[in-house]
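Below are structures written as structure tokens.
Across the two complexes that follow, subunit A remains constant while its partner is subunit B and subsequently subunit C.
This part shows the complex of A and B:
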């Protein structure tokens, strides 16, 4: 088992290198001058050249890539052009906030998605199934920034129950586990949970229906298991795939929450990416993308390991 | 009916679906199995043998199935058991082995875990005790290195080993009745005979009553005391193995026995077959369901219901032409 885990982690290293190469190239392929946001419009050619050398933009791309990746391995992702702060620090503060938001959203989505999925799978083609399917299709189809704004209008503007934006009182970006901070989490987490909920519900419904149609369900009944006893077997059969889908959804939410974080001004990676793009802050942009991509890879490794412990048919050789 | 009867099926009717699409899978089956006896239900695919077998544990989905008649197994009126009494009955009084154990065992639980779960479910003993019992069962069904095999998952075992494990699971709670649904069909020939011998040995030592469903007449002869031949949801002939094999009286049984290869066939010699195809169970013809394919059929065979004709002690055939069916076909046509 330990060998299997080690092997999975080793496999991840070349993937991460490839990911780093792709995100570096993409950022540099995009047109535009990265120095435009810090240079005054009337800057002299002398000053431009000086800054270009300072940030290393005068060197060849392969040279830039290798010096970036070598420093990245030691945890140094460079300095943000716009704020002159360490990219590593900026990214990890944002990652922490996004991780909190995405984890809550995935947990809510997984809970309700599994609930709807099991109910729909067990009561297939009944009214309950149609209702659960309707809710999950809505979850996938509704634009979430729109849903976010609707929730803000109802619960923040009209009812005044919850704050509309930010991650803490007074616009603070430092998270704490108290109600003053937690209440800022409610609306964005619910908005964000709607997509994983829909996808997990659809997946679980199909898995449950498929499992219930298997011969071994009759076998389990024939050996005298009650409905609840059979249900436990169904859960263990459904769990590996459901967990894999949940892990992938968490991965998407870690990087793909630009719209929601912008609507709620949540100081996470999506918000950071948004501002890095608009300010053409290349070191910040490529650092953020790299960290998110590595998270995604590691999450996949984790899901692989979890799955193989739950489903003996996934080989550990 | 005999005092010793452990299974008594009377006028069993099983219909799937309703209205014009209703499939009449079983049409008035009556069968009696004595304690310690092995009865083989034989017939081709769709003859209702597996449906009859599964009715004994009421395994059909209740929403889509209507079951009429009565089934008594070891003193339990199966069709009127409450759902909790039914799940107590399954596995404890009467259990089942399936055709393809790879599909009938849960793939994500080890075989040992499934046996232990069944023992704990019915006997309420500790896990350690259940584990000991499971180990003894694996030894009883002659699985080599049983400790290691208990921890194996179904996909890690060979076909014969899996069927042995399935038998161990079925015997986990010392049932009185064992139902076997084509237990050797998915196995290759050398393993088949091992499983049949194992079943026969277990039946003798444990005093089990077995209902054995198969379309393999050879397998039926190997394990059974009595044979019931099914066609289109009815038992068309029933008797002890010797009688059925030597002096079958129903034209279907005769045709079935003739369509086997006896020893060796000469090169170029055709194997006898039964012309036509089994009837659509949603549109059964009046009279005898076999009449359209029967060499002995007369107009009288195509109307009314055909009663079971007693042909001596514990031998009967559902046929109007039993007066001539013991003669070869050519003579009967002249008669």
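This part shows the complex of A and C:
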């Protein structure tokens, strides 16, 4: 068990190195001068040279990569070109906001996804199954940025029940768990929950159907267990995989929130990424992508470890 | 042994008439009502993409300051007009071409490239397999939306760059599926037998492997078209894909965002088209999977 955990963590290290390399190359793949957004068009050659040295763009690429990664390990991701603030600070403030949004969305998605999945799996090939399966196909097919717009149209523009954009009175800086802030969370969280809802429903349906078809279920029924007793056994068999899928979905939402955050002007990582792209702020761009990808890798490791504690059969494979 | 001995004694005519694998797949697919409906919608969309530009009632590029944001059902504009006074119905029809092109092309390229890499990795095994699959693992560490947007953001806006970044996003998952099915086929007895009888790797892959692995890889690739449609339109929605004034559903959705308080249902129309397209492709792919009996 401990060996499994250690191996899993060790395996993540080369992946993280590769991820850092991809992030770095991605940004240096970009055509054009990285300082174009801050330099005035008539900047003197001297000023250009000074800034280039300041940001380290004058050194060779491998040199830049290793100095960047060494500083990144210590938590220093450099300085944003556009705002000249610390990238680490900017990214983590945004990550906090995205995490709030993505966690709520995952919880909503997990609740409804499991519900639809269990109902569909239990009543296989009936009308209820078809309905639940149809809802989950809709969940994975809907362009979520459009769903966000439709919800804004209905609940903000037409009914005026909920705010259309933003994260509350304090803007991006101070989040509080009161209704004045929480009401801003409702529409984006529901919009975001639709994808994990569809995927979890599909997974749970297949798992429930598989479990119900196994012989031990007949054995349990033959032993005289009530329907509820059998149901508990089904849940125990479905839970590890369903929870793993939920964990991975949280990771996908953290990294994939950019479209929804753009629709709702939610001050998270997606919003930051968007401004980094359009201002060509390379340190901010590579820093944000790196943090999100590393988050995703660590979450994967955590999910694997949790899954193996819940279901010891996995470590033996 | 027994089974192979009985074959020559059976009626030859019966064997010739016995339906093959593909006709079975086709029959099962025809019986699947949901998949047939989805296929009909997809066919309609493809026809719209091919010929929509020739049958539009109004020029989709013709803007008019006076006719901006006319409601649905206006005389001459059955689906209203957009923020520049262009006919919505014509733009939605012509938009099918770019939107479908942007959604399907990356999957097609990724299917070709990913299959080749995955089959090579799965067939050769050893260090080459390790090198390829570990590289794929690195790309798996990025959520697909993040990777697509980061790549297009770095490359810059435009149709070509959006296609490149989406193709790169879909190569790793296709490669992984191709690798695992090829590795399964490789360990079968008939592949062993072919190798023992002196066939070279290329001949074995062509005659014994391809026919067995392309089906599952293809089914998996079709399931990616819906995702690709949503992502491609999403890139245009962010301003990283198609540029104005070209009609493309994601871009139209973006420029119409300003109209959600004045003409909300017109603003929602392009997204509805994306939704219909992606759900049809998803159902088509599901039908194909069950007709071909591919397990995931």
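Odds and ends about this structure:
Following the convention adopted for this analysis, the second predicted complex is superposed on the first by the 304 of 317 C-alpha atoms of A that agree within 3 Å, B and C clash if a C-alpha of one lies under 4 Å from a C-alpha of the other, contacts with A are read in each partner's own complex, and residues count from 1 in each chain.
We adopt the following convention: a residue touches a chain if its C-beta (ideal position, glycine included) is under 8 Å from a C-beta of that chain, and two chains touch if they have at least 3 such contacts.
Worth saying up front: this structure is predicted, and the values here are computed from it rather than measured.
By the document's definition of touching, of the two partners only subunit B reaches A:236; subunit C does not. Touching more residues of subunit A than its counterpart among subunit B and subunit C is C.
Of the two partner chains placed around the shared chain by superposition, neither subunit B nor subunit C is touched by A:244. In the superposed model, A:274 makes contact with subunit C only, not with subunit B.
Once chain A of one complex is fitted onto chain A of the other, the partner contacts of A:313 are limited to subunit B, with no touch recorded for subunit C.
With both structures placed on the common chain, the touch criterion links A:200 to neither subunit B nor subunit C. Contact with neither subunit B nor subunit C is seen for A:192 once the two complexes are overlaid on the shared chain.
In the overlay built on the shared chain, the residue A:157 is in contact with subunit C alone; subunit B does not reach it. Contact with subunit B, but none with subunit C, is seen for A:221 once the two complexes are overlaid on the shared chain. The part of subunit C that touches subunit A in the complex is made up of residues 134-135, 137-139, 141-146, 149-151, 153-156, 226, 230, 233-234, 237-240, 250, 253, 257, 260-261, 264-265, 267-268, 270-272, 274-275, 278-279, 282-283, 286.
Interface residues of subunit B, counted against subunit A in their complex, comprise 54, 57, 59, 83-84, 87-92, 95-96, 98, 100, 103-110, 114, 117-118, 121-122, 153, 155-156, 169-170, 172-173.
Of all residues in subunit A, those touching subunit B in their complex are 214-216, 218-227, 229, 233, 236-237, 240, 310-313. Listed in rising order, the residues of subunit A touching subunit C in the complex are 14-16, 18-19, 21-23, 26-27, 29-31, 137-138, 140-147, 149-150, 152-153, 157-158, 251-252, 254-256, 258-259, 262-263, 273-274, 276-278, 285, 289, 292-293, 296-297, 300.
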